[in-house]
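Going in written order, the chains are labelled A, B, C and D, and every chain counts its residues from 1.
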Amino acid sequence: MPRNSGIILSSRCVSGGDIERRTSSHAAVWFITFPCAMPTDNKRVRGPEVSQSPSLFLCEPAGALPSHGPRADGRQRDQVDVRPVFVRCGLVSQAKGSAYIEAGNTKLMCCVYGPRETERKDETDMKCGRLTTDMRFAPFSCPERGSWIQGSQDKDLSLMLHESLQPAVCLHKYPRSQIEVNVMVLENSGSVLAHAVTCASLALADAGIEMYDLVLGCSIRQDGTSYVVDPTYTEENRCSSVSSENQGGLTVAFLPSLNQISGLQSDGEMAEETLTAGVRTCIEGCYKLYPVIQQALAKAVRKAAPPPSES
Amino acid sequence: MAAGFKTAEPLEYHRSFLKENCRPDGRELSEFRTTTLNIGSISTADGSALVKVGNTTVICGIKAELTNPTVEAPGKGYIVPNVDLPPLCSSRFRPGPPSEQAQAASQFVADVIESSEVIQTEDLCIERGKLCWVLYCDLMCLDYDGNLLDACTIALLAALKNTKLPEVTISTETPEVNLAKTRGLHIHKHPVSASFCVFDDSILIVDPTAEEESLKTAQLTVVTDEEDRLCTVHKPGGTSLSGEKLQECISRATARQREIQKLIDKVTRSVKTAQ
Amino acid sequence: MQIFPPTPPLPVFPPCLSPGDKLCSVEDCIPGTGVYLRHGYIYSSLAGYVLRKNEGEELPVISVVRETETQLLPDVGAIVTCKVTSINPRFAKVHILYVGSTPLKDRFRGTIRKEDVRATEKDKVETYKSFRPGDIVLAKVISLGDVQSNYLLTTAENELGVVVAHSESGAQMVPISWCEMQCPRTHSKEFRKVARVQPEYLQA
Amino acid sequence: SRDELVCGSSNVSLREFGCEQSLLSRPDGSASFVQGDTSVLAGVYGPAEVKVSKEIYDRATLEVLIQPKVGLPSVRERSQEQCVRETCEASLLLTLHPRSSLTLVLQVLHDDGSLLSCFLNAACMALMDAGLPMSCLFCGVTCAIDADGQIITDPTAAQEKESRALMTFAIDSKECRVMMSSTKGSFSVHELQQCIAVSQKASEKIFQFYRDSVKRRYSKTL
């Protein structure tokens, strides 16, 4: 299934500190993938003009996924069944703070640089700092090879990541400076934005940047009445078997201890109550993830230095 | 006050160490940093490897795609290496088009592949004149602490050894890809690179860190294969180097080639037994 | 499949905090650094250890501290160590290397205006007689500067000014008075706004 | 015409060289260098104003731009730019012009083999013509090892194509040692040492050619 084909109706909900829903939805946008004929990019070694992925010519097409009963990797449907997560902090020597997360086959790395001088200064920089995010996919991260040039989907994800992190960082403590968050997806096996949010907030905490709270991400895929939590790549891109309404995906960025939602992205078409039920499931998924993240952070802090003697 | 001395006068700080034939991180002048290798960790790539030389981390993912060969070389496939230095690996790289260092590294890796003939592009041809493979070797630096070229060559070699190509048959007009039966690539040569830095036109150090690289007056990278033939002697300018010092570097590079080949074979065997 | 080699297990220590953990209510203690106030409760804003210090008054000061007191940003009044990058008759441009004793990973740009070089006879100052590119200077931040300019620094105190300077011949010069330094090799004198060396830095 | 100079096992034969200086009016220094049919035009601008982001406090910032004969500069040109830039940086006394910028533009007029060494020779002549302080001169020599092991200096494009290995060295004029080396194809250590020896011998002829052309240039104006 090529990465982004078919109708994507993306509606994005952005909220500042507390839950206040300002929905701005884009018109239906049709993405058609061409065989990747990239514009002539003379800053890189160039291969042939046009090349197709072998997955287009498979002799036996991949089997259709069961839409009820246990999921492909043994997890349960309609339950908050999140993939086990492997997390490490402080792996990149050059970065102020870094984090690496592995959920199933999804592998993500995030580095934080700063606070450093802002190149472009404007009025708002005087009072509070500026957060910049950059999310990229490695060309080998998806079943279909991506190009080195950052596509529009990567830019969109960077923007959503920025909206999810911005409310949680105490930017007023870093006037006139800029904090850069760079996320690199090494392998995309589903719910990339959710794990990127978690990994980015962990890297910020590891960098010693003051934050109101960690930000955890969780996503679900709604298919008719049943839903799957933390969907894998195939579940995310599977066309639905039963064509009823309530088809779509939902990603929530959640501040666990302040119990606030800082970012919500949903695509597809769902009824009101399905959406709110989905948000509640995602919040439950985030709470499941919270202890693992705290423990990883604690390990990184202890490794950095033993606790000061209690005065 | 040593920390102050290090940032205020970096060259003096390093010279004081080099006088006693050691370096700030405790290594001798001809000692490489610990090198660790991890093969096949990316399942969406046809072949992948992650290398850590000290702190410098490079991941190489190889994706194979189908295309038709050129008119001039109907029997040959393509191999397209590219090195990327994202803003993630060090604060000196800005987002945007690749910097000169990234492009020079890409050109270096392309030259090493071509000069050492690590794989024959004829092996990548499926149907002469009609269909062939193109191997996109994408190398990405995750943590830049100097000596990028060595880490890239090791990552590329390990990833090529880990690559599995599905079998393709052309019965009707369209090709048939059978993912069940896969074959590995035939690796003809094992090129391994060793990088050196020259300090004050005289002192020669191996495997420089980012700091030492910023203070160098010249840089030399020697690539040798298992038959001690030189594939590349890459010295992009800088102060001149005498014949004896060049000979010293070449002998150190051949020793390094043995070490790395043993490491790659050991890790490949352990991955095979694990499967 | 782990992608990085596992680190060895660590001994168990008292639990450390992550951002957003509720510490105590405002009545119990006074918020220090690394914490923030919300709806009458004190929350931690850093990942680190709790530190309760009671200085005299009845309520202890609670703060969350990380491994080193990482002063991340040069703020007003901080003593900074910087390297002079370029000078012109009106000001000298510098790169800030250190804030207090912590080195900065990324360089911040600063400016020392002519009238901030020294306290006495402000108008008769010539910048090329006070600093030269490449000198290491101790200075104090007086303002964060506005939209165009960067940090404004001053060296108008005795213990601020040039600390390390190289002469024309490249040797490191020795300060001989508050406004002159001498090159040990060529014995030539050069004008600098010299910082009076603090007693604790004078090693035996 | 190739003037033969037989030495050791291989003959150091160089193609017909030609050089013309200050032929362009806009740049501060310019030179055109012709080796056989390969010809390159070089222009030097500076020391001039430098962008704040590129400014170095104690030396000049050197930038090299290579324009191929046809099309846009690609990754290969960028790698050649790095080689030429770091060779020039080693020979120029950049600390005499701190916080300024030097720009060297190399335009390929025709490529018939040994292009990188022609870049180096043209660059050196242009820097001299611009009157920039240099600690030493440098020249470029390309050696090709053909199928049966013979070393050909300053090969043409045809000889380069069927050669087994190709090496380009920058030799400095003071100690005649290797400043820059860029190689293609695989070769043995002995072949490398042999090629370096041949290049050092060829460099003496090239430096003599430098002196003659500069003498000719200034004899006209004096």
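In the analysis below, a contact is a pair of C-beta atoms (placed from the backbone, for glycine too) under 8 Å apart; a residue touches a chain by one contact, two chains touch by 3 or more.
Remember, predicted model here, so these are calculated numbers, not experimental data.
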Quiz item: Among the chains, which has its CA centre at the largest distance from chain B's?
Solution: C
Quiz item: Looking at A-C and C-D, which pair shares more C-beta contacts?
Solution: A-C
Quiz item: Counting in whole Å, what is the centre-to-centre distance of chain A and chain C, each centre being its mean C-alpha position?
Solution: 37
Exercise. List the centre-to-centre spacing of chain C and chain D in whole Å, with centres computed as mean CA coordinates.
Key: 47
Practice problem: Please compute the C-alpha centroid of chain A, do the same for chain B, then give the distance between them in whole Å. | Solution: 30
Quiz item: chain B to chain C: how many Å between their CA centres?
Solution: 40
Quiz prompt | Residues within chain D bordering two or more other chains | solution = 75, 78
Quiz item: For chain A, which residues are shared contacts with two or more other chains?
Solution: 43-46, 91, 107, 113, 116, 186
Quiz item: For chain C, what residues touch not just one other chain but two or more?
Solution: 3-4, 83, 105-106
Quiz item: In graph terms, nodes being chains and edges touches, is this line, ring, star, complete or other?
Solution: complete
Quiz item: Any idea which chain C residues touch chain B in the complex?
Solution: 1, 3-5, 81, 83, 97-98, 101, 103, 105-106, 136, 164, 201
Quiz item: Within the complex, which stretch of chain A touches chain D?
Solution: 42-46
Practice problem: Would you pull the chain B residues touching chain A in the complex into a rising list? | Solution: 41-45, 48, 55, 57, 59, 61-68, 70, 78, 80-82, 84, 86-91, 95, 97-98, 103, 106-107, 110, 134, 136, 138, 140, 142-145, 166, 168, 174-179, 210
Practice problem: Within their complex, state which residues of chain D touch chain B. | Solution: 75-76, 78-79, 81-90, 165, 167, 170, 172, 175, 177-189, 192-193, 196
Exercise. Flag every residue of chain D that touches chain C in the complex, lowest number first.
Key: 55, 57-58, 98-99
